[in-house]
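Consider the two complexes below, in which chain A is the common component and chain B and chain C are the respective partners.
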Partner chain A sequence: MADLTRAPALSPALPTALPTRAELRRAAPAAVSAVAMAVMVAVCASLQPDVLTVPGLSLVLSATVPLVIAAQAQMTLMSVGDIDLGIGAFVGLVTVIAATSLVSSPVTGALILLGLVAAYTVLGVLVHLRRVPSLIATLGASFVWMGLGLSVLPTPGGTTPAWLAAFGAWQPAGFPAPLLPILLVAALVYLLACRSGAGVRMRALGSNPVALQRAGLSPLAARAVAYTATGALGVLSGLVLASQTGGGDVSSASSYTLMTVAAVILGGGSFRGGAAVPWGVAIGGVTLGLVSVVLSLLDVPTALQSAVQGVIVLAVLAGRVVVGKVLR
Partner chain B sequence: MHLDNIPPREARRRGPDGAPVVTASGVTKTYGRTRALTGVDLEVRAGEVLGLVGHNGAGKSTLMRVLAGLESCDEGRVTVRGRHAAPGAAAFRGVRMAYQETSLCPDLTVAENIWLSSRHCLPRLRRRRAAGAAARRRLDEMFPGHGVSPRDRVEDLTLARRQMVEIARASLVDALDLLILDEPTESLGPDAARSLYDHVRSLTARGVAVLLISHRIGEVLSVADRVAVLRDGAVIAERPAAGLGEHDVLTLMGAQVAERDAHRPAPSAGLPADRPVVAELRGATGSGLRDVSVRVGAGEVVGLAGLAGQGQQDVLERLWRPARRDAKVRATRAYVPGDRQRSGVLPLWSVAENLVVTAMRGIARRGLRRPAEEREVVRSWVERLAIRGGADAAMTELSGGNQQKVIVARAFASSADLVLLDDPFRGVDVHTKTGLYRLIREEAARGRSVVWYSSENAEMAHCDRVYVLRAGRVVAELSGDEISEERIIAVSFAEPDPPTAAGRAQGAPGRERPQEARNHG
Partner chain C sequence: MRTRPTPRPWRAASVASLTALTVLAAGCGSGASGGAATQDATGGGKPFIALSNGFIGNGWRQTMIAKFEAAAKQAQSDGLIGKYKVVNAPGDNSATEQVAQIKSLLLQKPDALLIDPASPTALKPVIQQACSAGVTVVVFDSAIDADCAHVLQNSFADWATYAAKPLLDGIGGKGEVVVSRGVVGSQPEAEMYETTKKILAQYPGVKTAATVTGMCDGATAQKAVLGVLSSVAKIDGVIGCGDGHGVAQAFTTAGKPVPAVTFETNGRALNYWKDNKIDNGSVAVMSDPGQSVAALWEALDLLDKRDIPKHLTFPIVLVEQKDRDAWAAVLKPDEYAAWPWTRELFRQQVKAVQTGGEPVRPPIPAAAG
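So, the complex of A and B:
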C-alpha cells in the first residue's frame, strides 16, 4: 500500500496555474451563461435600480432557488446518462405533502418525504434491472406523482409549517438570502458528484459502464445512489418552493421538467452522461430564472414570454457552441 | 525492431521455471454457433513473459477474457495459483489486463480512473491525492517523459497517452500475479514501447507473470520467454522463444512463408486491361490510410484483407463517400455494414420493408412507391436466398444468419453498381455463408463490382483480387491462385521493410534505463 502511494520522485508534469485549453473548453458553457446572467442583471438594474440592493436581489433571485435545486437533481441524473422527465411533478407533489401532512403531523409528513426519496431509489433500481429507458420510466413516474398529488390536494391550497414559512420569509441584512441555499446546495452536490467516491462511480457509469464493471464495481449501486440523490434534491426543491408559495400545488412546478434540462445544458452538462457541473448548473439555473424577471420588467406581454424565453435560451446555447468551436 | 537494447535472451533466462500462476486446462467456449475455444491448455508461470500469437478469430481475446476471470468457460477449468476459480472470484484480483481498446472512462481524470480500478489498494483518506500520486509514479516508472498529469481528463489525451494510462492502470494493484497486455504497443511510439518492455522485465524479475498478446511477432519474440501459438481456438504449439524465428512462428500460425519481397503491389498489375474501372483510390492518405491505391474493375470482386483495423474500413469509407480528390468512384453504391445490430437492421420493420428500403427509390415512380413491384422484388429475393420466415416476418424473429441475408439482399436488390461489404459474415453459419458467397459471384458475373473486407482470410478465396493492408498501407496485392489463407497471413504479419525499421530504431535515442532492467537475469 505504501508502495503505491509514495510521493513521486520526479514529476515531469508540473501543475500549472494557467488552465489548459481543454479546461477552458469545459468551462466555456458556464462562462457564456454567466455572461448572459450578468447582462440580464445589468438590464434589470437599468430598468429598476433597486434591483442592485440587497432586498431587490433577494426578490429577483428567490424565484430561481427551487429551480436551481431541481436543476441540480436533474444534473445528478444526467451525470449517469439518464434523464428525469418527472422532476417537475415530483417537486409539485412535495409541495403538496409540505402543505398537508407535514403541517398536520410532522412525523408522518417527514416519513412520507423519506418514502418519496426511497421511491426514487426504487425507480433507479428498476431502470437498471429492467433496462427501461430512464426517459420512459421517469415520464411514467411523473403521472404517478401527479396523481398522488391530486388525490391528496385536489385544488391548490393548504398552509406550510411555521418553520418552513419562517425560512421563506427570512431576510438577513447584508446579503441576499436566496444566495445561501443556491451556493450551499451547489457545494453539497459538488462534494457528492465531483469529490466523493460515489460521485466518481456515478460519472464512470455515465462515461463508460463497461470500465466500471471491469473495475469490479456495481453499476446498479452507482445508479441507485444517483437516483437517491436526485430524489433528495427534489424533496429539497419542493420544500423551498412551498416555503415561497406558502401552500401546495401539484402542478406548480410542471415547467421545471424541461427548464432543469435546459439549465444543465446551459451549465455545461451533456445528455451523454459522464459530466457533473454543479457550479455551472447553479449559474445556468439562475440565468434561466432571471429571464422571466427581465421579461416582466421589460413589459413583454405574458402571452409572448414563453416564446421570448425560448429564443433567449437558444441564443445562449448558440453562444456556447460558438465558444466551443473557437476553443477546439 | 525497436527493442534492440534489451539484454540478449540467454542472459535473461532464469534457471528453474516459476510456479504456475494461472492455468487453463481443456477450456472450451462457444458463442452461438461459433466455437471460439476448442480446448485450450495453457500455463502462465511466475516470472515469465508468455507471448500469445494467433490470427484473426484464433480465439485470443476470448482466451484472455477467460484467463482474466471476466468470462466463464463452458468446459474445462481455470486455476489461479493452483486453486480453481470462478469468474469474478477474489482469486482474480491479482490478474490484471490492459485492454487494447482501453478500459478508461473518457470523462474522468486520470487519477479518478486509477482510483476506480485500484481503489482497494489505496488508502481511504485523501484518496484523490493517493490515486494521483500512484498514477504519476507508475507512469514515471513505465514511460519516463510521458507528459500525462493525473488531473488530465482521459478524453483530452492522445491515443498513445491513453494507452500508457491504461497499461499503468492495469499494473497498479498491491499484489500483481499476472499482467495481461493486449496489443500494448499498437498506438505507442518506439520509445514508449521500449520503456514498457523494460518495465515488463523488471516486473518478471520480481516474480510477476506477463501474458503478451501482439501481432508484432518480432516484438513478441524479443520480449517473451515462451511463445504459445493459438489457431482455431486451441494452442497448437508452445515453444521457448529462444531459437525461434519469425518464420517459424508464422509457419506455426498456418502461414505459407513466402519470400519477403515476393509480391510487391504494382500499381496497374492485376486488373485486366479490358475491364473498365468503376472506382479508384489513388494514393489516398490521411485518417488511417497511407498512400493507398486501390482499383476496382466492373464485374470484379476485390477483397481487403489483413489483421482487423489496419485501414480496411477506411478504404470502404473512402469509396462510400468519395469526398476527396484522391477517390474516383463512377458507380452508384450500396453498403453492407458489419455490425448488423447497430447499423444494419431496422428492428421494428418487417423483412420485406428491411429488404426493399434501399431499392425503394429506384422502383418508385415520381416519388410514389409502387407496392406491387416492391412485393415482386422482395418475393424474388426471399426465394433466392431462402430467407426463413418469409417476407412478412418481423425482423427480430429471424436468426442472425437470416437477418444477415436480408441485409445483404438489401444492397443487391438496389440498382447499385458497386457493393461495399464491411466484414458482413462474422458469426454467420457456414450454410448461409455459402449461399451468400454464391450470390456475390453471380452478381459479379452480371457486371456488378464488389469490394469486400473480411477478417476471415478463407473468404478471400472468393475474390478476384485481394489487397492486404497493414498499418494503413497496402502491403500486397494478390490475384488468382496467389490468394490463399497462408499467403494472406504471411503478408499481413510481415514486418515492415528494413529501411523503415532502421529509421524507427534510430529515432529512439539512448536513455537512462531502470536499474532492474539492466541487472536482472
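So, the complex of A and C:
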C-alpha cells in the first residue's frame, strides 16, 4: 500500500527527465513522511500480519479518511497563506447537520450544507476586504460553528441518512474502501490547486500577492475561491465522519484543527503559503492516523501514548527539516 | 537564493532512512518498556478479552480499569482466558478516538470486546462492525443503542433514589434542601433528576431552596453551592450525585455547619466524612467501577453460550454510615468503592435479573470489625 500512495506523491515533481534540484526539494518532505508511513505499515504488519489484507487495511485506514479530507481543506487555505482554526468545529457542525436536517428533510439539509460553504466564501471575502488576520477570523468563526452545532443538537446523537450509513459500511472485496475517498479527494484537490488557473492564482496569492495584483488579477477572487474550496472539503470531511460515527456531535472533530495543520506540514506545506501539496497531505494525514494504530499494536500504555505520538511527529518533522537543509 | 556547489542527494536519502529508524526506535522502545497490558497467549483456544475505555481522566475510571486488570490477571492464571488487553482512548472522552481504537483492536481479533463508551450513539457503527466480525460485545456503564451488543449497567434511577431517600430520612423528612444536578443535558442526568423530583414530592415537609448544576464533580459543585449559600438562610441537606466532599467544603468556607450531603464513594471523601464525625444522614453513593469485572464474567459466560439477557441492571454502590468505616479503611484516596464481583456472584445476579428477584448484595470489605 505504501508504494501505491508513494508513487503519486513523487510524480508531480518527477518529470520525464531527471528531477531538478528544486523539484527534489519540493518532493522531499512528502518523501520523508512517505518513508515514515511505510515504516509504520511495516511495523503494523510485522506485529499483526492481517494488517496487509483488504479488511485489515480498511480498518486501519478508515479512521483517517475524515482527517485526511479536513487536512486537504486546511492545505487549500494554507496555500494562500492563511490558517484555518475553525475547521474542527466546522466539521463537527457538518456532522450535526448530517444527523438532523439531512435526515428529516434532505433538501433543507443539502441547502444548509451549501449555505455553510457559502459562509466560508463570505468569511474569505471578509478576511480579504477588512484585512483581518485569518487566524482571528477563523477562530471567531469556530465559536459560531460550535454554537450553531450546540443549538441544533445539544447532546451528541441523531442518526445519519441511510445512504451515508451505507457508504460507511461499504466493504468492497477487491480493495480497501477508505483508499478510494483519500485518493479521489487528493486527485480533485490536485486538479484544482496544481493544474488549474484558479490554483495558480491561489498559490500566487500565498507567495506574492503584489505580483498577483500587478498582473491584473483579483486577489479577492483567488482568496474567495480558496475559502469556498475549504468549505466544500470541510463539508465532505464532516459527511464522511458522520458516516463512521453514525450520528452528530459538534465536538467530535475538535482535535482536527491542529492535527490538520500538522498533516499539512508533514506533507510538505508551509505556513508562508504558496505551496499546494495534495498528495503530500494525503500521506501526512494517513501517517498521523497510523501513529495511534502502531502505538496500540505495540501496547504503549495510554498515559504515554500522546507523548510518544508527539515525539514521532516531531521526529518526522525533524527529518523533513534536515532533508530540506541538505537539498537547499 | 543560496545554492551549494555539489548536489548530495545521497545525504537526503540517508537522513530520510535515519528518521525512519528513529521513528521505529521510538515506537519499539516505548513498546518494550511499557507494554504491560497484554500478556501473551499461553494456552491455545482460550479466549482473548479486550477492553476499550473511552476516558481515563478520573479516579472512577482508573479504579474501573485497575479492578478489571486484577480480575483478568487472576482469570488468566486460573486458565479461564488466554490473554487480555486494555486500551484507553486518549483525550477528553472523544468518541472519534475510541472508534479508531476499537478498529485497531478488531485487527487483533479478540474473542470478546468490553466497552465503556465515550458516547451513547457514536460507537454504533463500529460495534456493528465488531459483531459482524464475530466478536462478542459487552457494553457496560452506559446504555447503547446497538442491537447486537449486550449491555450491563447500573440503574440511574436507583442512584438518584439512594442519593435522596436516606438523606431525606436522615434530616427527619423536613427542612430546606439544595439539589445539585449532574451533567445537565445528558440522558442519565435527565432520568436522575426526574427521580429526585418524584422523591421530593413524597416529602411535603421538605422545601427545595435552590437547584444548582454541580456536574457530579466536587470542585464544580463547591463553586455552585458557594454561589447560593449567601442567599439562603439554613440548609439541612444537599442532594447531589457524588459531589459531597466539595459541597461540604463550600459550607465550611462559608462558616456554616455541614448539612447532610451525598459523598463520593472514594477513600478521600469517606475519610473526610469519618474524620469530621459528620452524623446527619449523609450517604455516599455512586455507580460501581466493578462493572468492568462483571462484564468480564458476562463475556466469558456468553462465550460459553450461557443464556444471559441482553440488558442487565447491576446494583449501585451505596455506602451508609454503618458501613462507612469498613470502606474507608480499605480504599486509597482516589480509589472508588467497587463491588467485588466473582463469577458466582455474577451468575446469582443474572438469575436475580431473570427472575425479577432481589438484587445480590455483594459483601462489603472484611475489615468491618
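The rule we apply is simple: the second predicted complex is superposed on the first by the 312 of 328 C-alpha atoms of A that agree within 3 Å, B and C clash if a C-alpha of one lies under 4 Å from a C-alpha of the other, contacts with A are read in each partner's own complex, and residues count from 1 in each chain.
Here is the rule we use: contacts are C-beta pairs under 8 Å (C-beta built on N, C-alpha and C of every residue); 3 or more make two chains touch, one makes a residue touch a chain.
No experiment lies behind these values; they were computed from the predicted model shown.
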Larger contact residue set on chain A - chain B or chain C: C
Touching partner for A:Ala215 - first (chain B), second (chain C), both, neither: first
First, second, both or neither for A:Leu327, with chain B first and chain C second: second
Chain B versus chain C as contact partner of A:Asp299, first or second or both or neither: second
Contacts of A:Val60 with chain B and chain C, given as first, second, both or neither: second
Touched partner set for A:Arg203, first chain B, second chain C, both or neither: first
Partner chain in contact with A:Leu191 - chain B first, chain C second, else both or neither: neither
Which superposed partner A:Gly274 touches (first chain B, second chain C, both, neither): first
Residues of chain A contacting chain B in one complex and chain C in the other: none
Residues of chain B that touch chain A when the two form their complex: 70, 88, 103-108, 112-113, 115-119, 121-123, 127-128, 130, 133-134, 136-137, 140, 144-149, 151-153, 156, 172, 174
Complex interface listing, chain A residues touching chain B: 1, 3-13, 15, 20, 22, 195, 197, 200-201, 203-204, 206-208, 210-212, 214-217, 273-275
Residues of chain A defined as touching chain C within the complex: 21, 24, 28, 31-32, 35-36, 38-40, 43, 48, 50-51, 56, 59-60, 62-63, 154-158, 165, 168-169, 241, 243-247, 249, 252-253, 255, 289, 292-306, 308-309, 311-312, 315-316, 318-319, 322-323, 326-328
Complex interface listing, chain C residues touching chain A: 2-4, 7-9, 11-12, 15-20, 22-24, 26-28, 30-31, 34-38, 56, 85, 87-91, 94-97, 99-101, 103-109, 119-126, 128-129, 185-187
